[in-house]
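Have a look at these structures, which come just after this line.
Here chain A shows up in two complexes: once beside chain B, once beside chain C.
What follows is the complex of A and B.
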């Protein structure tokens, strides 16, 4: 599908042909940021949500095809009821804003994760935003709420099991290609991130995408999410563009790699 | 006479170094020690190029580094060590390189079974993890022999991932789990053939769901707990389709050193970082 929007010129040092197609971000450090400043956890999350929007806008302007944001993990339910309730209402606010403001930027919104466990009002908001931005052809923004890599692999397995039971798929046909099509990232053209950025300095994946990160370049940003600025995003992209990706082969096989 | 003094001095130094290392490990052991460490052995070919050696020499140097590192890990008290020896993707390389690596693996697997090898010294049980049917017969048979020969060892465990990728492992585990469930459903259908249709339907629904435990049971790596630290050498920070399922909460460490250059200092640094986040991760684990 041809890109309709006009791409902004990239900052100096970044090459257009080396830009990642899909960037994923683990949004970490809101609470630490708030604690450092003696602010409430809610303030931290709100500040973090502003950066989420900025990342989406930058990605859209620079012609990124897919941006995944890890907003809420299946493991985050263990936080206090107060914090979880706040986050659910913050997500409603955020998605409403995106629905209103992103149509002009041709951004499409999808939410991945187990939506059935979310408050009804949030589910309705999500359905509305997904519907109204469905025709947009620019950046595809994936917001992961109540998502985890293991959850995604399990739901794919369950879906395939159901298809086997219904006779749609034969057991002997189950392979990596078939499996990948069942993951929730099947809604985007480029399901596997080229670059993963994790804020707050922690060096782990924390059960975000698992299958999809097989060949992803990982960049650990030391700053907490609310402190992340455009120059940090550029630093991550610059680091990405310098990397030599071999996909298990070597210099001679790079051109033949199809991932 | 001089040679005798040299070798005496040499063994004195070696003994001193070993002593200091044990002291260092005792200090480290005042904190938590990782139960399972995994390594992506990257940089052998770059090392060979750097030192103007033949490419094969890089892999051999890598093997020596592996032996040292295993020794340090087991001395420190790390029970499980997993290494990414050969990916399914690596079959894409030039046939000569692939053949060289297969021959080297055969040589080294046979070496592992010798009396004086590290496997016997540290009571190591060896597992070969991956889609072993993709290996040539001599290597596969040697691997199976090594697994059989060490099956009674229980002090430490070495998992060698060969003909492995994580996506292959997961798809394979899902396929096996579904096949097993499907077999159970078909059997229960036959058994319930004469019963009330509604009851059979409910039983069907219950049996059909694939659970997490079903998948985990069929993973090649199911014989070990999840790693605590994943180390990838040569400065690249990517997972390269290794242990994707198992490293979801694991500490990732990517030193710039090429694999043959890996040493004690890297292990110590990794463990210190592990000790820093361990209390937080333990607390979270208990909350589940």
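What follows is the complex of A and C.
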């Protein structure tokens, strides 16, 4: 089991032994935020990207093992070319910044999703960031770009089928456990989020981590992403720590045991 | 030093008797908070009463056309309360919902399917509701009962099916499945069902407890609290909230 390095004392009210190992965030509300202020959509996305970094830093400081950020879904390609192009260039900027800054913070970066459809320059940036942070042992930051839950299930199916064809796996061994090992979240020690936060007040998963979220506590934050602050993150964590959760029928109270 | 410590320090300086005064102060704070939460609970109960009585205009006419398929997820321990489940179904029928999927992780509801459907058939109220709501529908409410085995296990079986169908030993092509392949496979093995528009979760945890992952891409999820605390007014409020939602579907 990975050793969690506590870098900073937790805010009052939060207990270290009840902290989630893996937090996933659906980053929503950038455009609404911009529209409310009469700003451009690009301004909204840029403001949202600053919160992404803040979430990563807080998670790292508080000993979270994995943070997943749903940045761009397979459905988002249907947006205007102008917005999509801007997002692709923003991702390049963000990942370059993360590579520069997170190397020293012991944060590891991985990008999940179908990278083959991304601009080549972005693919190169991702490869570089993943390589240069591979040895980091602190927070593992997963950025989902061109990702969807259904895509992940399909690529896992294809991967398993190839292994069966190659004789590595038998057909009769195909089960949900094997599936989980083939999902793109298999690059982290804790692939199933304990807590999902979605900003903007919308109450749905929107094709993110469909398989992985079976027993994930869901917290719907009313604020748009650019308005999210540290206190909101603390509120989500506090709400998580108070919950009585059951996994597969076994009563599990956060106060009594740790997974 | 946190706010609580500062307050405690200030209080100790005001009350030199120390622990006794601090203890009393925290008791008073707890009492104030308890009264506040009780007040909020009263407001919720009153609102539920007003909705149930039809006194709130905006809840009188519900446009349920947006709720083509409703999923009810219940914690397996709570699903043992069959009478509560039946009551919930009667309410859903009263609202006019036609397609309901009942899910619990362990299959408690699945095992109770026959009993629930038999009781509903003989339940006079339910018959009156389901046969009198316009437009006339002889089928009444359609119920689907599922459990964990209809989710992840089904996808694994569908993948198995896909492989056997498309990539037998004679086929030299490299496997590459698409979403429509999976949808077709699920249909072939008997697991094709509509994606719910709305999911209401009853139980202590705010999670969907393993509801078939393939089907909940754009499903609105609302946590309703425990089955024990369910109220008709809250149900109507949740459905109305959903009818006001606008989905972009990623665009």
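By definition in this document, the second predicted complex is superposed on the first by the 242 of 259 C-alpha atoms of A that agree within 3 Å, B and C clash if a C-alpha of one lies under 4 Å from a C-alpha of the other, contacts with A are read in each partner's own complex, and residues count from 1 in each chain.
As a working rule, contacts are C-beta pairs under 8 Å (C-beta built on N, C-alpha and C of every residue); 3 or more make two chains touch, one makes a residue touch a chain.
As the structure is a computational prediction, the values presented were derived from the model and not from experiment.
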| item | value |
| --- | --- |
| Fit or clash between chain C and chain B when superposed on chain A | clash |
| Chain B versus chain C as contact partner of A:73, first or second or both or neither | second |
| Contacts of A:179 with chain B and chain C, given as first, second, both or neither | both |
| Chain B versus chain C as contact partner of A:12, first or second or both or neither | second |
| Touched partner set for A:168, first chain B, second chain C, both or neither | neither |
| Set intersection of chain A contacts, chain C complex versus chain B complex | 75, 78, 148-150, 153-154, 156-158, 160-162, 164-165, 171, 174-176, 178-179, 202-207, 210-211, 213-219, 243, 245, 248-249 |
| Contact set on chain A toward chain C in their complex | 12, 73-76, 78-79, 148-151, 153-154, 156-158, 160-162, 164-165, 171, 174-176, 178-179, 202-207, 210-211, 213-219, 243-246, 248-249, 251 |
| Residues on chain A engaged by chain B in the complex (per definition of touch) | 75, 78, 148-150, 153-154, 156-158, 160-162, 164-165, 171, 174-176, 178-180, 202-207, 210-211, 213-220, 243, 245, 247-250, 252-253, 256-257 |
| Contacting residues of chain B [partner chain A, same complex] | 45, 87-90, 92-94, 97, 165-168, 170-171, 174-175, 177-179, 181-182, 185, 208-210, 212, 215, 236-241, 244-245, 247-253, 273, 277, 284, 287-288 |
| Residues of chain C defined as touching chain A within the complex | 2-4, 75-77, 105-106, 148, 151-153, 155-156, 159-160, 162-164, 167, 174-179, 181-182, 203-211, 213-214, 216-223, 245, 247, 249-251 |
